[in-house]
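Following are the structures in question.
Two complexes come next, and they have one chain in common, subunit A, joined by subunit B in the first and subunit C in the second.
On to the complex of A and B.
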């Protein structure tokens, strides 16, 4: 008997969403990187994270790289784009946190406007730890940057109405729906946001992210199930591309923040941080993420090459 | 297709082999119901009293799992590979975790060898009750010098007590000499191909060893495996030759799908992937190995394994190979975070590993040295443990006593999760002299809470 190579053909397809003016996410009709089965859609995007404030809490190795530019988000973003060529920049308004600098939504909007004017790649707008404040910040930023197709990360169950109405409907941007590692919650939030009137092609989702070792099996399994539902069962409520804020999780894991004095046997701190970020990014990409957000330039380089070699 | 013994049978095919008496003696209402269950592996052919022995034999073979479980190693270092029944862990669970190997080459210089030995011996730690270390040392014979090859294996296996050797050579003479020398360690013999398979099977059979089979591509591997199976040997590990990431991924996915979707046992064996030959960069090896832990390699050969590689890879493997029905639990006890002393804050949370990791991570981030008490909470998250009665005043008081907290610490304040604030007075009743402080509802708010708490305690 001769070998017959198996293949899985699906009736469903992940929706293609355009970020900015030309960055495409999704569009695949096969499991992640299953080039041998058919169309893998747009190449997964790799973005870099910057903050609106100096990243005091980041490990020293990252501050050594970005520190000289991090006093101004525009300078920081331009440095990343010119030096490392990411597909997008994720600006995280950490300074908006009411328990921290409590930057006003108007100030955040001014920063976003400057970035939009001077940075040649699309923006992903992320908020702080306060869901309430994020709704206000996102509304102002979306208002200042209408119809840009920028991604707002994220709308959750508690604030999706304001964010969906402002970012997705009134000002023509893209809403990212965030849920925590549960297929049914992801589905429910996607339905709620589309019921508001946000068009599915103006949506992406973040069904939860974690660093490897920290409940990562829930992330992989949720994404496996979402992709199978979207492709195999043609479930249109789960066909949004997935964006994973990898760096938000990996750089607070012990493996990345323990210094060499804390853990002498573990070796160099910078390498540990990169390895956690690279492994987590490769892990979510293999489970179906269509875009990852990273911090370290080495991670960006490795993950981009990893994607290129698989496609 | 029914005559092909390599194919697993479906329910209807099994039904045709049954007596169709619907006697119910097997415990099922009809022969068809019995056949369906048998096809899923949910019962045994022996339960039918009226089937011929010949049919039973055929069925036992045909209803065996689609992917074989093979073993390598010896004594307490015996490992199982394969035996998987699903492509995605949520469908049931993955069973035999992949094992990591570090590649040695007998043409490598001594410094390089010494560095790898040193890394293998230093990477050895426990993470959530699992001991993490490199299980395999792979040896490539580039010199074609038998003595040089054997002395390298001897050096590494005598200095790294935990590794099982994987002997890589397509020369049966060299493979045989090495197998003879290290047979007691239960090595893997890798290097059977279309030409040498008869001799290689002979070596593997003699010592009952796991045999790595290699071919240029999936179709040729398929033919070679059939040839080897016809020689009566089934302790196999497969390599379809892909040495670019794209081809190696194609191989790993399609060999596994052939076994589990096409139910074709010719590819019903675990696979090995040589990440060390696909990447020039350590971080790229980490990325590739991550992919293969998720899908679907059983042995992953790396060029080295230092802590920066081990920390993510072993943790990832532990996560992916957790049974979805049995979440990971951490051991009950009292855990010290940072340089905590007898007056540091004491928090209590549950033994669900994910919760513990999140809570301990936030406590660590707060830079307030603290203690975390873990009672028996059934392995559930805070609210589930409370709702099911596993986390209550009694279980918390028991942990305070069992782990001799009153003797170890001066503090008599216990911080409980905000979500179970209702337990406050019950706990205070159970623990005279203690004051219960209601903590935060979310772990993310712990750093601010702890800093505030420390300040208040100091003043």
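On to the complex of A and C.
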């Protein structure tokens, strides 16, 4: 009997969400990279992270690359776009942290406006460690940039009402629903945000991210189960594309920040940092992430190649 | 695993309001009944026009078009013994929301409905009965097999059949309840989908007990494998139990708001 290639068909499909004016996320009706089974949707997007302040805490190797441009976010973003061609720029308002520079929401909005005006790729707006401050910053930024379809990273259980109402509803941008590696809460938060009135096509989700070796198995199994519920059970509350802020996690890990003097047996610090970022990004992409945020240009290059060769 | 399917039973010629509306081609009462069921979460709507010997061929397409126009996302279950009326209904049926279900074939005089389902690529309820209520489960499984044979001959994928072991009334046939549940288990073990009319179970009981009896029977039947049922969707307890059973069965991912969906 002739061999008949099996293929797995699902009744569900990840919703296609447009970021900015033309960057599409999601749309797949098969497991990640299973192009032999059907439509893999839009290619996973690769974005680069920049800060609103000089990234003093970043490892020297990154400061060597971005340092000359990092005194101004617009200059920094343009350098990234021109040199490394990312699909989007993620501006993280680290300077808004009340325990740091405490930059005002109005100031943040002005920076975001300049970026929007001068950077040709879509923006992802990320906040600092204060959920309360983020709600204020996001509201102002969304107000300054209405109907841009920019992604706001993220709304969590504590501030989703404010962020959902401002970013998702009043000012026509995209809300990312963030939960910390909790399958049931991921679903619940999506429901709460849609019940608020945010349209599902104006939503993405970040069901939690971690660096490899730091509870990463939980991240992967959570993402797997979300994708299976979305596809196999056709669960419309989980059919949002997933965005993973990989760099936020991997560049905090000791493998990325320990210097060669401190850990001579671990080898070169820059290579370690890239390896952490690349393996984490490859892992979340294989588990269903539709967009990853990265820092190191080498990681961007490797992950882009990884995606291109698999699709 | 797919979620439990509910088929709303409230558009039925036995109701005087619906009978009159069907006779007079009055859309309003029919749409009202459809709306309350859709809003209560019915996945399918059963449309029972009775035998409709006189005008079934004209009546069924009318009601199909009426409902699909108003509720394009809700597939229908066409319920009549009148083959010509069924055919006419299926011909105008829009499949966007899902295949129509024919209600129903049996192993007796209505076995031809299997051929009809095959011809029109419809789903069909296969009543495991021939004349009256089956005597025991040997008979039920025998009829189930006869329906399957007919489906094989007609080229109908058994995926398209919902086997109905024939739920029976608790008040009077109390000793048969476990047998029906056991039949569900056997049909499920054969790998087939099942359904049944829950109101059969509570028929003749006081109104305040009917909802409870139907909900309890349904929960027990789901554990035996029941994959769909013909229900009164306005019975909130029943609908909540079905949703909860889907969660416990792992057919729907739990979240705190699962009842609100």
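Keep this in mind: the second predicted complex is superposed on the first by the 307 of 311 C-alpha atoms of A that agree within 3 Å, B and C clash if a C-alpha of one lies under 4 Å from a C-alpha of the other, contacts with A are read in each partner's own complex, and residues count from 1 in each chain.
Note that in this section a residue touches a chain if its C-beta (ideal position, glycine included) is under 8 Å from a C-beta of that chain, and two chains touch if they have at least 3 such contacts.
Remember, predicted model here, so these are calculated numbers, not experimental data.
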Practice item. With the two complexes superposed on chain A, say which partner A:84 touches: subunit B (first), subunit C (second), both, or neither. Key: neither
Review point. Of the partners subunit B and subunit C, which touch A:187 in the superposed model: first, second, both, neither?
Key: second
Check your understanding: subunit A residues in contact: does subunit B have more, or subunit C?
Key -> B
Exercise for review: Would you sort A:237 into first (subunit B), second (subunit C), both or neither based on which partner it touches?
Suggested key: second
Practice item. Considering only touches as defined above, state whether A:225 meets subunit B (first), subunit C (second), both or neither. Key: both
Exercise for review: Check whether A:248 is in contact with subunit B, with subunit C, with both or with neither, and answer first, second, both or neither.
Suggested key: neither
Check your understanding: In the superposed arrangement, which partner chain does A:275 touch: subunit B (first), subunit C (second), both, or neither?
Key -> first
Practice item. Please identify the positions on subunit A that touch both subunit B and subunit C, taking each partner from its own complex. Key: 225
Practice item. Flag every residue of subunit A that touches subunit C in the complex, lowest number first. Key: 11, 183-185, 187-188, 191-192, 195, 225, 229, 233, 235, 237-238
Review point. In the complex of these two chains, what residues of subunit B are touching subunit A?
Key: 4, 6, 88-90, 122, 127, 218-219, 221-223, 226, 244-246, 249-250, 253-254, 257-258, 261-262, 264, 266, 281-284, 286-288, 290-291, 294-295, 306-309, 311-313, 315-316, 318-320, 322, 324, 353-354, 357-358, 361, 364-365, 444, 448
Review point. What part of subunit A is in contact with subunit B in the complex they form?
Key: 1-6, 8, 33-36, 99, 129, 212-218, 220-221, 224-225, 228, 252-255, 257, 265-268, 271-272, 274-276, 278-283, 286-287, 298-299, 302-303, 305-306, 309-311
Exercise for review: Please give the residue numbers of subunit C that touch subunit A in the complex, ascending.
Suggested key: 1-3, 251-257, 260-261
